[in-house]
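Once you scroll down, you'll see the structures, which are given as structure tokens.
Below are two complexes that have subunit A in common, paired first with subunit B and then with subunit C.
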Partner chain A sequence: MPKITYVSADGDLHVVDVPIGTSVMRGAVGTGIDGIVAECGGNAMCATCHVYVPAEHAASLPEMTAVEDEMLECTVAERRATSRLSCQLRITEGLDGLVVRLPEAQE
Partner chain B sequence: MTGVVVAGAGQAAAQLAISLRQRGYSGPITLIGDEEHLPYERPPLSKEYLAGDLAEESLQLRPATFWLDRGVDVRTGVAVTAIDRARRSVELSDGRCLSYRHLVLATGAEPRRLDFPGATLAGVHMLRTRNDARAIRAVLRTPCDVVVSGAGFVGLEAAAVACRLGNRVTVVERLERAMGRVVTRFTADHVVDQHRRHGTDFRFGDAVVSAVPDPQGRLAAVRTASGAELRCRLLLVGAGVSPRTALAEAAGLPVDDGILVDERLRTADPAISAIGDCARFPSPFADGWRVRLESVQNAVDQARYVADGIVGAGGVYAAVPWFWTVQHGLRLQIAGLVQGHDMAVTRGSVADGAFSVFCFAGGRLVGVESVDRPADHMVARGLLAGEHDVTPEIAADPAVDLKAYRPRPSHTGDRASQNSAPRHAV
Partner chain C sequence: MHTTTVPVSQIDPFDETVLADPYPAHRELRDLGAVVWLERYRVWGMARHEQVEAALNDPQTFCSARGVGLSDFHKEKPWRPPSLLLEADPPDHTRARHTITQVLSPVAVRGLREAFTAEASALFDRLAGRTAIDGVRDIAEAFPLTVFPDVVGLPPDGREHLLPYGGLVFNGFGPRNRLFLDALARAEHARDWIAAHCRRENLADGGLGAQIHRTAAAEGYTAADAALLVRSFLSAGVDTTVHGIGNALLCLAENPDQFRVLRADPTQARKAFEETIRYESPVQTFFRTTTRDVDVAGATIPAGEKVLLFLAAANRDPRRWEAADTYDITRKASGHVGFGFGVHACVGQMLARLEGEIVLTELARRAEAIELAGPPKRQLSNTLRGLDSLPLSVAWV
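Let's look at the complex of A and B:
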């Protein structure tokens, strides 16, 4: 199973095995990482699963849809070039070793 | 040691347990759910789960280990059968009793059963639970004729899935329009057009009056009030839901199409709260009238609010209501409550299928519907949470950046202060 590392806003590391076909968001809520809320359950409806993906990992990510792009304009924490909605990051073998940073706040 | 007992194990119940632990509550938490499944999400049941596009584990709100690790006792396949308010205990269908310090009723709702001839034939379905969705999916896999009775959210979402899977779909709706309770006519018609473009037939102002069996006793057709006979192998009855209030009523708590609660979501008994689909509560978004909302947002925000109360936080409940639906790839997001609006303006391009309808009542913004305009939706949620200067003229002006209109901080005692009641970071 691909390993995803979640780095909380205050620097705590959580390494989680996340099943293929689920999402980076699922990996976080399933293990109770509080920095991701995901109120809408993964539909890109709420922008509360915001993460920052370091540039060196960006190439392995699926392309951003227009909807995700627009929702990212509405995150509580600052949007950066590295911002993504983790519900839109589907887990593939290629994401093994991915590191995501969690913002200060989601809502 | 007695703790928090929750009658129900749906989204509201699960969120309550999650929020209590996040807020540092360390006492016992017990969820009592009458379905055999751990807490799961209902929205996908009429969307990607129905289509077979969602893994079983993705439907679960949390894996089993999550509840174990946090000491949350989730009892599945068991119902609360009675409340003894004097002794602060509940009776369960497995014969056990549980005492509580605080009882939360999160009993949800159940599909309204229509009593027409043939209503119990094989092939007649309702859609509320995971098991319902599985049964319907099994039929839809072999394309056939499908009739959906009721053009509400669930009926339309299921109609879209059935259509996409190659079924021939007819929607029969008693009213002259779709989504009558919660969406403006303008937006509803736009959504219906999308269905029609995919080949779905609509019969408005008509109703299914009977289901006709084939020689094997299986559904073969339905008859409608207008005299039509529609061949079908599957009839999905989407006639809305009724809140599950029997438990509260038997315990002497006031109910009226929902368990009646105050602005702190407490029933007449301060040791008992009610949240989610089953609760009727006074809402600042309905001028203080009591409303009952069926949505993930309502379940989640009310659960968080009651968790705050149990650990000692104050304030009144005043979260901005919001909803969403996805049909044929069209994303409709609704912020606020549009029912009472007296005028509306659009923003964006209706022709391009990306627009919002800003609804006003007495000049005040009360709700916004966004079709493939997610940023409008998020801005609207912010605006509705406080006082702002957005007028219909401003909302309709494409040159204006609505994000610049941030709601002002509240002042004491008025509606604005209610709307911005303290919220806790989660």
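Let's look at the complex of A and C:
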């Protein structure tokens, strides 16, 4: 299973094996990582699963849809060039080793 | 024809005794198999979380344009012009959805918090001092029936048509049974009023209704189609929220330990509302229609068949939830399908959450305890689960 590393705003590291076909969001919610809320359950509707993906990992990510782009305008923490919604990051073999940083606030 | 390996059930999900207490039937359907054949209506059914979520997440295979009720729009004329949102598929649906999401974005909804809080505060001021209340009329209906029409920009007169119209829409997804015919009779005058109040000239400047007309025009929709988009608001935005709040009050009255958790920390109100949507889902079921032969857990559903998705059963599936039949406001309820899932997930869900959170926050701040003062009266619907009345005795702070 691909390993995803979640780095909290305080710098804590959580490494999680996340099943292929699920999402970076599910990997966090399923293991009780606090920094991802995902209120809407993965529908790109609430902007509470916001993550920052370091630039060196950007190439492995799926392309951003217009819906995700629009929703990223609604995050509570600052939107940056590296911002993504983790519910839209579908897990593939290619994401093994991905590191995502969690913002200070989601809601 | 269906394959012989698929279990057959005689359960009638729209029978009034089943609607009054659907959970035993839901359990039976979940345990029968991942897919069942519902002989009564000759449709397929899915009641487990995994399959319900997967079907909702595959709109190419499980389509909505042939109606999300029992009636197949390819075979029967719909009772009203189809919704551009609910009863549509991508790419048409994508465009309609984009028009609405601009108006209902999390940022836009956050902007309503202050006004909604003031309204809830005024509502509870009026209730203070009355120990006996009807949780449905005095809170669950009173709050959404004020804030929602205000926000949409409806005039003060005629708002009494909103609930009968919603009642008709949601009964309309079931068979043409007594519940539907009664709802049709009750909504006789509501239909014209709703149609008129979807038009721009009857919607206040600055309200969400007027905003939809503006964004719809920018997307190239005609005024008539923009009015249909407003109709989605008026159809889906009231009864659902009323039942969500009413069901929350019932759950909290029946589970005093959970009310104490909320009372001790009113910031749990949003979670309490979320858990209510999971545990007593206001929208119990929706249909889809297959666009191709599709394999589901080893069974083949042929193309062109109606499939009934039991959202509420999925939300209590023990394969997905620990202590699924327990109301626990502290649980992580995210992942329930009470607002649907995928491209058709409730577009007003952030607005609904805000309304639920604010009412329950105010209640938790002001009430020491709430308890049932008599038997709650169910309101039966082919699709919705909610109450007609909820006698409560409240110990105000």
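Definition applied: the second predicted complex is superposed on the first by the 107 of 107 C-alpha atoms of A that agree within 3 Å, B and C clash if a C-alpha of one lies under 4 Å from a C-alpha of the other, contacts with A are read in each partner's own complex, and residues count from 1 in each chain.
Rule of thumb we're sticking to: a contact is a pair of C-beta atoms (placed from the backbone, for glycine too) under 8 Å apart; a residue touches a chain by one contact, two chains touch by 3 or more.
Bear in mind the structure is a predicted one, so any value in this text is a computation, not a measurement.
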Does the subunit A-based superposition show subunit B and subunit C clashing or fitting?
clash
Based on the superposed arrangement, let me know which partner A:E73 touches: subunit B (first), subunit C (second), both, or neither?
both
Please indicate which partner A:P19 is in contact with in the superposed arrangement: first for subunit B, second for subunit C, both, or neither.
first
Quick one: is A:L95 in contact with subunit B, with subunit C, with both, or with neither? Answer first, second, both or neither.
neither
Output check: A:V53 vs subunit B and subunit C. Expected answer is one of first, second, both, neither. What do you get?
neither
With both complexes overlaid on chain A, does A:T31 touch subunit B (first), subunit C (second), both or neither?
first
Have a look at where A:E39 lands relative to subunit B and subunit C in the superposition and call it first, second, both or neither.
both
Per the contact definition in the header, classify A:A105: touching subunit B only (first), subunit C only (second), both, or neither.
first
Under the contact rule defined above, give the subunit A residues that sit at the interface with subunit B and also at the interface with subunit C.
29, 32, 37, 39-43, 45, 47, 67, 70-71, 73-74
Flag every residue of subunit C that touches subunit A in the complex, lowest number first.
98, 101-102, 105-107, 274, 332, 334-337, 339, 341-342, 345, 347, 349-350, 353
Per the touch rule above, subunit A residues touching subunit B in the complex are 19, 21-22, 26, 29-32, 34, 37, 39-45, 47, 67, 70-71, 73-74, 105-107
Counting only contacts in the complex, subunit A reaches subunit C at residues 29, 32, 37-43, 45-47, 66-67, 70-71, 73-74
Which of the residues in subunit B come into contact with subunit A in the complex?
22, 41, 43-44, 55, 57-58, 61-63, 66, 69-70, 296-297, 300, 324, 326, 331, 333, 372-375, 378-379, 423, 425-426
